[in-house]
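The following pair of complexes shares a single chain, chain A, combined with chain B in the former and chain C in the latter.
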Partner chain A sequence: MENVDIVINSLVSGVLLGGVLALAALGLSIVLGVMGLVNLAHGELLIAGGYLMVFVMQPLGLSSLLALPLVAVLMAALAWPLQRYMLQPLADKPPESAMMTTFGLSIVLQNVYIMLFHADTRSIQFGNGVSSIQIGPVGFGRIYLIGFVLSIVVILAVHFLISRTAFGRDLRASASDPVAAAVNGVDVRRVHGWTFALGAACAGVGGVLIGSIFAFTPISGATYLLNAFAIVVLGGLGNIFGTLVGGLLLGVLQSLGGLMLGDGYRDLVGLVLLLLMLALRPQGLLGRKGG
Partner chain B sequence: MKRAFQGLRKSRLVAASAGLVLGLAAATACHAANEIVIGASLPLSGPLAGFGKYQQWGYQTAVDDANKAGGVTIDGKQYTFRLIVRDDKTDPNVAASNTETLISRDKALVMLGSCTPALVNAGALVAERKKVPLVTGCDPLGAFRSVRKWHYVWDIFFDEAELSEAVFKMMDDLGVKTDKTLALLHDNGPDGKVVGGQIWPALAKKYGYKIVQKTEFPVDNMQFTTAVSELKSKNPQVVLVDAITPQAVSIRKQMAAVGFVPKVLDMEKGAEPEQFAKAAGKLSDGVLVGAYWDPSFKYPGASQLSKRFEKETGLSVSQHIADSHAAANVMIDAIIAAKSLDRAQINKAIAKTDKVYVVGPVKFDQTNTSKLPIAMSQWQDGKPVIVWPRDLATGTYIQPK
Partner chain C sequence: MQTQIKPAAHADAAACRTIAYSVVLLAVVGFPIVVPGALSSYGFEVGFRLLLLMTLAEAWNLLAGYGGLVSLGTASFFGAGGYMLMGLMNFAGLPVLPALLASAVAGAALAALVSPAVFRLKGLYFTVGTLALAEAIRLFMINTSYFGGATGWFAVVDPPSVQVLYLWAWVLFVFATIVLSLYVSSRLSIALKAVRDDEAAADQVGVRVFRVKLLAFMTASALMAMAGGLQAVKLGAIEPYGMFGISWSVDVLSVVIIGGIGLRAGPLVGTVFIVALSEWLADYPDVHLAITGLILIVVIRCAPQGLTGLAISLWRRRNGRRTQTGRADAAGAQSALERG
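Let's look at the complex of A and B:
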């Protein structure tokens, strides 16, 4: 049995990281739930957030917290045309057409990042987030706590947006039955455009936090996409709070996996969970059966 | 009528496009008759891209200088050198196929190597099979020798056993006071397993260190919360890490996150390129990494090469500009000495190399290797400083903060 301090520290870090991972997965969940689109370029959108922070916000001298909403807005602005001109024309085609388009987009984006930013390893200096917080025997990075709190705030804000606003009503209607929504006057194409932009905005913010805690390169997106899929499946497709629960659960279980098997087996834990959930409860923890 | 005209236009367009594509393909495959093509597969993307861009500059600079000096005259005919680089994307399979392509399609007469054992050896095996001379400056000698008995491939680099021991020698020599508790974190790549899994544990025993933690992880792992929690709990004063740059940055940041600071922190491989210091920021201060070259070393052209690199690229210098520059010059000198385009003759000339290059003295032994002396470099205020051995030191050892 591991030292108790190590177990407690790992679990606390797991919970905090889980919150950040949940935010990183939120965009994927929304896009999948509303548009039925498996966005294989989600990892690259995360990384785009990191690059925007390093190459646009920080050179402008903006504080990290102030820069985050700007990253979100910029990401939404960049993502909207992608949906409008690349994915929307495929709306009438089988779903794999759009999925394969996002796969192609992910490869294009990786190469664009290499051309623009070189293949160097980057990491974001998020204010004084690098310092440590010590509570008794438990120590964790300030950035972990900042990331966790920000994730909760963003997830609650997105939940409010979807459950309490006119846009949210249209979005839920489009997700439930796009044809009926269109008949009732909802501009489904517009909703899909804004949904993709919202997903990209969440991914951008998640990418900044991921890039602050870890490091990233132009090809790091795939690693985080895998975690995001596991979280979305765990929590339930398109379920906002399910994504949070999935993230926290994955964070804790990955920490337990790391404790028992070593840090190198964290992703294995995530993949096993993904397969188990798909086999036993494909609708996810908070998802409804058949919907 | 209109449809027929459109059909004609379409077919002409297709024919013109096909002609253009064929023309471009032919243009890429053919070279001027008075050019000697030197091929190189380099990691210009992927996790090792931090090495590749420096190597590319070193190779290209050596080739450009040789051409400015008049190239080479063979049988009364003047030749210039042309470097063709293909990106191996940090993938050994691509490194092997690139080498095939460079030799067969690009008509490379000779080859220069990629970086790290996995990439260099993958390409080197192809060159060896095709009897094409290849000189590399980025493959630790033990890993290179372990593959096979080489005939056409030559390696100028450090011996990983010496590099691994350098940090222990440094601590002894500089009198760095620790309680001799040590932790090892290493990836499960070929060199990570050898250095972290075998050489360091043996050296720890030899120098009287107690290993309190030993963690192995996959090369692409990014989360180290359990490993750093263990570090925090066991509090070793010496931490040795063997990982590539993204992982090294991640480990360093996660150590800081739990408030763990060892007295000695050596991060081999990953802490070597400048991008480590940029990505880790202040956290890079005090991080050690083995070194085999610094602009301050008294080798011909060392300081000038460094200044030239910084002037041309605006980047801080890396030791990989020196090993690549030297490898390319060894190859060029061999072609000049052989006075022949025959690969066997060039290979014989490489074997006879005995000269001090910008990276240090180069003379190959029976295993086709030439060993570079080792130093310890440390990041201080974002700059690499040689802190050991004393006679080469450009700064004083500091502890990580």
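Let's look at the complex of A and C:
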């Protein structure tokens, strides 16, 4: 029965981790869905959240739960000018221009992290997350549960923001038809600015939670980005519910993959899944053909 | 990011310019081979890197400049070529040249294998798909024990001298230049550009979109794999972190974007710039990369045709202004005469 317990354990931690992975992918998904932009600096935005937590919030002695919304606000405030002054001017150029600019940004950020914080491995101690929880045969780190709950709360909040508020209405309009939205009085440029800021805020929070579960380095961004992309492709584009499902699925598959093949293969699972999805079912698991 | 298609009347002149440019370039770069003592061994080292990067950049330019396929997966094919060559030399005792040709085949085969995945959903997904491919292969090579694992392989045969390596790199560069010149001047490139500009419309008029893209992808990948093979010969020892490292993909992309995408001289200008920058900041790799990223952002924003395009337009503007001031002076002199 011991083997069954191990599998159940890794399934549970996979689901819990999956919630956090979904939050980490949410920003990428929103920005891609609304702005049609592949943000190649998304991984570095996640890491920015982690560093803000380690080097700003914790030295200030803020409690983790209070620090989280502050990280979100700070990230949004840092990201908004990036969109306004770096990406917005490229709106009339081919879509590759903005994507390559985010690639340039990711190179810059990655190396600025190395210069400022050195190549050391960092991990975040989130509240009392180090202790573990044991329910019958199932045991997992407390941080998995905290991360999962917080992620679901943030994802639901973003869902509410997009489906129920005036900003959300403008955002959905800009996503489905920017020209028609503009004709009807939506300031699409403004919406794009705030969308990018929202994506960065989600990334910051996601980065803090991921950094609390796994350690990170200045160059973890590429792996973060590709995992997030695997989730977006799994769940289908610009679909918050799909992103959640994709995240949970990737979390479970990563845990099982790590269990069966060894921990080194954990990140490979997402990459292979991404390539397979692109080859076999590019519209996403939930999407309809031709969508 | 788009190159202009020149009117037919200028096509011959453009072809002549291209040939003249290629001949001059090949002669200048080949010069140290015929004249002994023209370069120090440090010079040959840097020259080897220049030639290798230029070969990679030419291949990448075919994909991105002509096909609109912006790849972040150069390292996949570079590394695959290196491992193929080293494997054949170590375990089958093959000499360098046939092993290098096998590398090309491996690169093309890998491209064909992954094409169903990376050509889906077109455009931006190609970039992400190729990045995922490079990372997947790197992680696989690190974790699996089949290909030497994280430590990699050591060459059984000693690496040749820098002069010989330079000669080979020059031959590979000449080969790449010929292949790509033929490619670009053939009908194939017209179909490729049509696919780049409007995939749906190209499909409508009977261009076999998938095949056109696949051929360019395989050609570029074969050349990249040969470059990787040469790098493996030079290093004498290969491991997954270096051979499949993302820095190859980043370097090549930066070279072409900074040099001038879709322009004949772009890869050369970009390579010289990037190699000079990296030699200058050799002790500060993080500063070097941060500056490269910054330049990348500025160039995309202010000079979409790169440094080459910028130089051309500045030169034209300067010439234009000179003729204008000339006219103004003449007019001034005229009126002065009339007044006088």
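What we mean here is this: the second predicted complex is superposed on the first by the 283 of 291 C-alpha atoms of A that agree within 3 Å, B and C clash if a C-alpha of one lies under 4 Å from a C-alpha of the other, contacts with A are read in each partner's own complex, and residues count from 1 in each chain.
We adopt the following convention: contacts are C-beta pairs under 8 Å (C-beta built on N, C-alpha and C of every residue); 3 or more make two chains touch, one makes a residue touch a chain.
Every value quoted in this text rests on a predicted model; they were computed, and no experiment measured them.
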item: Partner chain(s) touched by A:Leu70 [first = chain B, second = chain C, both, neither]; value: neither
item: Which of chain B and chain C A:Met86 touches, first, second, both or neither; value: second
item: Chain B versus chain C as contact partner of A:Ile114, first or second or both or neither; value: both
item: Partner chain(s) touched by A:Ala182 [first = chain B, second = chain C, both, neither]; value: neither
item: Touching partner for A:Leu145 - first (chain B), second (chain C), both, neither; value: neither
item: Partner chain(s) touched by A:Val56 [first = chain B, second = chain C, both, neither]; value: neither
item: Partner chain in contact with A:Leu105 - chain B first, chain C second, else both or neither; value: second
item: Contacts of A:Phe229 with chain B and chain C, given as first, second, both or neither; value: second
item: First, second, both or neither for A:Gly264, with chain B first and chain C second; value: both
item: Shared chain A contacts, counted only where both chain B and chain C touch the same residue; value: 114, 223, 262, 264, 267
item: Chain A-facing residues of chain C, complex; value: 1-2, 68, 70, 72, 114, 116-118, 120-121, 123-125, 127-129, 131-133, 135-136, 139-140, 142-143, 246, 250, 253, 257, 286-287, 289-290, 292-294, 296-297, 300-301, 304
item: Contact footprint of chain C on chain A as seen in their complex; value: 38, 40, 86, 89-90, 93-97, 99-101, 103-108, 110-112, 114-115, 222-223, 225-226, 229-230, 261-262, 264-265, 267-268, 271-272, 274-276, 278-279, 282
item: Chain A residues within the chain B interface of the complex; value: 2-3, 5-6, 9-10, 13-14, 17, 114, 118-123, 125, 130-132, 134, 139-144, 213-220, 223, 254-255, 258-259, 262-264, 266-267
item: In the complex, chain B residues that touch chain A; value: 44-47, 49-50, 52-53, 188, 215-218, 220-227, 229-230, 232-233, 245-247, 249-250, 253-254, 256-260, 273, 275-276, 278-283
